[in-house]
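Reading through the structure tokens given below for one structure.
Chain nomenclature is as follows: A, B, C and D, assigned in order of appearance, with residue numbering initiated at 1 for each chain independently.
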Amino acid sequence: MIFMSAGIAAAAGILSLLCCRRGGLAGVAGVAGTFLSVIAGIVGICTSPPSGVSLLFMLPTLILAPAAAVHSVAYIKGHGNPGIYWGFFNLTVATMLALPLLKEDFLEFLIIWELMGVFSFVLVMFNYKAEELKRVAWIYLLACEAGGLLLMLFYALSFKTGAPRELFYIAGVAGFGLKAGFPLLHLWLPEAHPAAPAPVSAIMSGAMINLGLFGIVVFVFPGMDASLCGWTLLILGGISTLGGILFALPQDNLKRLLAYSSIENIGIISMALGCTFLGGAFKNNSMIVFGILGTILHIINHALLKGTLFLGAGQVYCSSGTLSIDRMGGMMKKTPVTGSCFTAAAVGLSGLPPFNGFIGELMIYLAAFSGICSGVWQLRIAGIAAALILSLTGACAVAAFAKAVGGTFLGEPRHVDDCKKESVWMYGPMLFLLFLSLLIVFSVPFTVPCIFKVLNVSTIDYASTGVQKILFCAASFSALFYVLSTLLLLFRRFVRVRGNENAAGPTWDCGYAKPSARMEYTGSALIQCLGDLFNSFLQIRRKIEPPQGLFPKKASFQWESPDGAERFFWAPVFTFFAGVSDKVHKFQSGYLHMYVLIMTIVIIAMVVWAIIS
Amino acid sequence: MVSMLALLITVPMLTAVIAALCKGRFCRLLLLTGGLLHLGLTLYCSSIRIDGRWIGLTSYTESLLLILTSALYFAVSCYCCVWLKAEECSRKSLWVLGICLPLFLATMTLVILSRNFGVMWVAIEATTLFSAPLILFHRSGRALEAMWKYLLICSVGIALALLGTLFLAFAARCGGVELHDLRISEFLNIRDSLHPGWFKVAFVLALAGYGTKMGLAPFHTWLPDAHSEAPGAVSALLSAGLLNCSFLGIIRFAALAPEQTGDFCRGLLIILGIVSLATAAFFIIHQGDFKRMLAYSSIEHMGIAAMLFAVCGIEMTMIHLVAHSAIKMSLFLLAGNLLLACGTRQIARISGLFNTLPGNAILFLAGVILICGVPPSPLFFTELSLLVQAPLWLSLPTVLLLFVVFAGMMKNVLSMTMGKNCDLAINPAHAERMIWVPVAGLTAALAIGIVFGVNL
Amino acid sequence: MNMAVDLVLTAFLGICLMLSASSRLVHCVRLVAFQGILLGIMPLLMWNWSNAAPGMEIWGAAFVNIIVKGVLLPVLLLRAMRKAGVKRELEPLAGYSWSLLIVSVAGAMALWLSRSLNIPGVPVLAIPAAAVTVFTGLFIIISRRKALTQSLGFLAFENGIALFGAAMHLEYGFFVEMGILLDVLVLVFVMGIAVFQISREFEHIDADRLNLLTDNVEVK
Amino acid sequence: MIYWILNLILALLLAPVLFGVLNKVKAFFAGRKGPRIMQTWYDIFKLLRKGTVYSTSTTWIFKFAPVGTLAALAIAMLFLPLGFTESPLRFQGDALLFLYMLGLGRILTVLGALDTASSFEGMGAARELEFSIISEGTMLLLLIFLALQSGSCELSSMFCGRGGSFWLKAAPAMVLAAVALYVVLLTESCRVPVDDPETHLELTMIHEAMILDNSGPDLAFIHYGAGLKLWIFGAILTALVIPADTFVPWAATVIMTAGCFLIAVFVGITESMMARYRFLKVPQMLMGGFCMAFAALALLLISGGVK
């Protein structure tokens, strides 16, 4: 039954591909296809629930696909051929629904995995008219193909008895890590997301990246020593978390900032998984329970909140035409609902209490703390490292999202003058996703028993850790926050004496006569001192053109922070290969004599070798 | 029954003679009828299993290759019908085309059907002779240079193969058997009594000879020039048809290898395979001309086929060759379309094809993705089985080189198809109509891939 | 009879030396023609007349061999030469003294190698003579500048291989023999046309100046 | 339980008075008479009755920010071991809820500041974000330090469940932890070495810069919130330093209140003796606090004072 959902999505995809001449029909077919497949998926889950892990990794797709479909109805108007878009949109959703169910046969999984890469590649390069999209599309396709080739090697090594186990392990982790955005392998994420249409990047970062972790957990780790797996995930997760959020700070493009924060969140999820495996290795029950819950909650929360943020970015792009935070500003007045949802999701994703982001992080913290208090020195170090990284990235995430929200939505509009109104198709799904996240905050304490029943892992007893009580208290205090703030609002409303009414006026900018929007603190200004703090890591490049002469005409300041991995690792590697190829090109020099000479030498060498051996 | 096979060879010759007589007037019609007839005949007699003195059809691989070659020829002739109308070329070159193409087909069929090493050698030499004038279709200086190099290098290589055949006969004599006319079936009977030393020398020379024709690494230098200068249809035939026939020569030689020389021959094949994969990879990276890029991709796939034959045996190699021919034919025909529409082969000067030539651009991109072995294409399964069965020291470099090839090709193709329109005056009229044959080729390859994937 | 065979084989060695040394094209063509004729009569000499006269096939093959290689090919080459307007091979890439030295060194090597390789029933001089002819053919292709000389080199190379066959008196059927000769004839014919067109297109027929098709990134 | 509620009420009432004591100490050092101790309460009552002026460029975020910050601080207050008694609302992991509630207060203030589109408020917000990263890291290290000592993750049992002898077992670590917590206190409540509350030069402010545009009841909430925050950190510092689990409850209440006022005096003394650091040196001081907390943790791990 569940395969039906993938089947329906694929059929809808092909249908809308066929009628790509008539846009309208394709749109209807696309949206209908997505909704039908999601309904089939949910019905399938209720009738014959798949194993816990597959269910977990299907949930984000089931949640995000309809939201993104509704959003893209308005998003792709006038952006390109809707037939192709809906076709490949449904095909990608089909592959993402099918992948978690193919746990048994790795080869089937690999085929669908590479198909997912190709379909999402077409979506990424949807507005192919832009020149800089060539590089982005190339990088994205290379990442998918490299992952596929590594997994082919992984599959091949599983047959070779002589081959060393570490190579098998490295190939698997690297192959899946490419999709999961592990350090050094994350290069395609910050390139593909700004270029892809917003609903597509919502699905990709919400659901597709987790499949990388799914692959590692299901195919690479069985049979390997648990503590090795735990430590790999923890270290790789830690590096990609810190690296991700630090590189998110100086980004000027809104979706690029969100892409880096996806890298950070996938790092947090792999750290949670790492704690679970380490707990499993040292039989620390509370660490396993908190680790599992942390992973589940964080995957779902990240899918929901990151989906909202990307859809918000999509709406911002549609109404203001640009994604650069410094050029926007004051979007809250033009697109109030999107602004509020974006702010709420931003606060949630940086792990702050009233939203579900906090509950996920709380579980991971508790896993880390149970590691710290467990007495085994390995767990203790892992716990301290995990907790410290989580808190540092939490604070950096607060800064990054303050910049994103402050720069885009708050204050006065800087360069964007005519803004289109926000359409209900676009902010509807955002409200739906936010409602779901609030629902999770208050429903998780009651669903914990059935989560562990679905996972049906006998060795863990979750009751002893009192996790339900913890979740209940966390939820109740979030509710208390709402109650208290409404009380204070009412108190403020009534405490005022009748005579002193509220007045409106320009911002008191310390007596400035005529404050203009250009004097406002832009997003990059907000992050400038943080950028200096981490400059040794970020290596921010500044191009300053100071004003010269008595009457300076033109002065400019520009700064950009290219991706560290790309600048210091991938760029040199690719130029090395290009250098080698230029040298090798000399052999095809066009001289016939040279060719025949080489042929004779090689033939003589082969004959001599034949005679000797 | 042998007469039926003989008919297979004489029918194209007949069309060639008619074309010669009527001075290139009904050239397109003749090509089409010749191709149709040949295809019908092949399908009819592909199930015959007979081992005649000169020609015969004995094994499943040979009939598969025969069907592939004639289907290929038929597809190319359909393409030619539309292409020759679009291409304004002189009556004389039409005449040359009308003669040489059927003769090329006849010689290729003779290579596949020949049951005698001598006859096979003569046929392969003849393919060189008849394909050389085809390269000269565009009458440019570069085409002349390409033809001269093609002629010289291939004939030097093929002569070495003759020497190899001689040494093979000598190895048989040293093994105590007196042979008069190099029949393959006789050699198969006396397989293990061949003198190993002389057989190794014979195999080396044959590998060098037929390897030159097939485009293996150190002997590949003629291939990029010949395939990029020849017109689209001819390079499709050259790359998809001729390379398989020359590979058949090596397969027949390797089938005779006695046990103790077995791993020597495999080792040699693997080394040549990995070297040609490496050269192709490094030549694709900064390649400025998309037809040369496709030629180097043929060299790469012939390298993979050689490794597959050495490591996984004949079935996988056959699937690889069939898939490669189907996709490469479509790609070369599409390249022909692009050349016809854009007028230049420089990748740097072409961009924004999605806007100007949407049909061709999408097919070209899909074809390149398929040729690089992404799952829907059967090449994925063959490369996977190569990785599974190859020793570790071979799998790792192969994976790296496959990635380098993919990176190189995708960069070129994406820079051509995406982005703003380039300043070239592109007239998409003819090019857009000529996409049906490549579509057929790609769907055939996809069908093979899906069928292969499903019953895996 | 092996005295006559040895005589012919030494003649082959001599021809190779003269080929590598001669600078005039017409002289080379005549040398290759003479090589062809010698090759034609080789099987007759190798035949041990004691037990039976050679069948019609052997006579026919020898006769056709002599006609094609001795007469037809040189005529074709000379016609192509006249059309391309080429008189003398001026300065080859490797210089005459150098090429003579290389070929003689190769000959010495071949002789020394073949001492250890005594195959029953094959005259002792045969293998080295064939090897030297093959090597000279290849050497001429590599070191000579003119395209026509290269096709001549190819012919010498072809004769060397045929000499191998004749020396080990292997025969591979009359038809195959004829097929090979036909191929060589058509090949030289096509090469002749190609040389003529190159001379018309480029006003020279120097193979080393034919290097438009190159992947060398710096050059382009 | 009752004593905890009594302490809570005491805290809610006396929080603003801390500023009075602090200003009195500074005035004493400067030889002036200084404002009355209850001055902050009078300001709050005055402001509560006033009307507010909302700038045209602000949205609902600016209106909600002060309220949200105060609510967050109040909730953070509920988990503290006020009067060395375990808070009734404690649960495993409330230490982190406490930490993140402070974070929530911080981001609401920052967003409120950015909403007014004024460059000074933006400058204050930027500096606030920079310093908060290091101080949050130090706070977490201290929580780990306490978790190791007490073996639990509840804020109240972290302080009260450590048994009396933790000073004997890890004296140097305790000193380092106390100093690190003091640095965090100074940063969080924006006292002198980090930020000068009395300055009128907007370029040098951090916290004050962020609330430049607030007026009326919002400003009252903010001042009261600042008082609460100072009381929270004072209570934590006293609970960290004084092993008071054996005391009689009423004595414990007196000690906790006296401790908070003592810390207010101590802060006043540091403010009178030191000038404000340059903005480039402040991160170095915070890094110093972070390293001290890290050293304390390492010392604790090595010296084995772990539960």
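FYI, a contact is a pair of C-beta atoms (placed from the backbone, for glycine too) under 8 Å apart; a residue touches a chain by one contact, two chains touch by 3 or more.
In this text, all values refer to a predicted model and were calculated from it rather than measured experimentally.
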item	value
Highest-count interface - the chain pair sharing the most C-beta contacts	A-D
Whole-Å gap between the CA centroids of chain A and chain D	35
Interchain centroid distance [CA atoms averaged], chain B/chain D, Å	78
Centroid distance [mean C-alpha coordinates] between chain C and chain B, Å	30
Gap in Å, rounded to a whole number, between the CA centres of chain B and chain A	45
Residues of chain A engaged with two or more neighbouring chains	582, 585, 588, 592, 596
Of all residues in chain C, the ones touching two or more other chains	138, 141, 150, 207, 210-213, 215, 217
Touching two or more other chains - residues of chain B	148-149, 152, 156, 224, 283, 286
All touching chain pairs, where touch follows the definition stated at the start	A-B, A-C, A-D, B-C
For the chain D and chain A complex, residues of the former touching the latter	48-61, 64, 67-68, 70-72, 74-75, 78, 89, 91-94, 96-97, 99-101, 103-104, 106-107, 110-111, 114-123, 125-127, 129-130, 132-133, 136-137, 139-141, 144, 147-148, 151-153, 202, 212-213, 216-218, 221, 279, 283, 297, 301, 306-307
Interfacial residue positions of chain C with respect to chain B in the complex	119, 134, 138, 141, 147, 150-151, 154, 157-158, 161, 164-165, 168, 170-173, 175-176, 179-180, 182-183, 186-187, 190-191, 194, 197-198, 201-202, 207, 210-213, 215, 217, 220
Partner chain D, residues of chain A touching it in the complex	329-330, 332-333, 336, 339-340, 343, 347, 350-354, 358, 361-362, 365-366, 369-370, 372-373, 375, 380, 383-384, 387-388, 391-392, 394-396, 398-399, 401-402, 405-406, 409-412, 466, 469-470, 473-474, 477, 480-481, 484-485, 488-489, 492, 495-497, 500-510, 515, 517, 519-521, 525-530, 533
Residues of chain A defined as touching chain C within the complex	582, 585-586, 588-593, 596-597, 600
Contact set on chain B toward chain C in their complex	54, 116-119, 121-122, 125-126, 128-129, 132-133, 136, 141-142, 144-149, 151-152, 155-156, 159, 162-163, 165-166, 169-170, 173-174, 180-182, 224-225, 228-229, 283, 286-288, 292
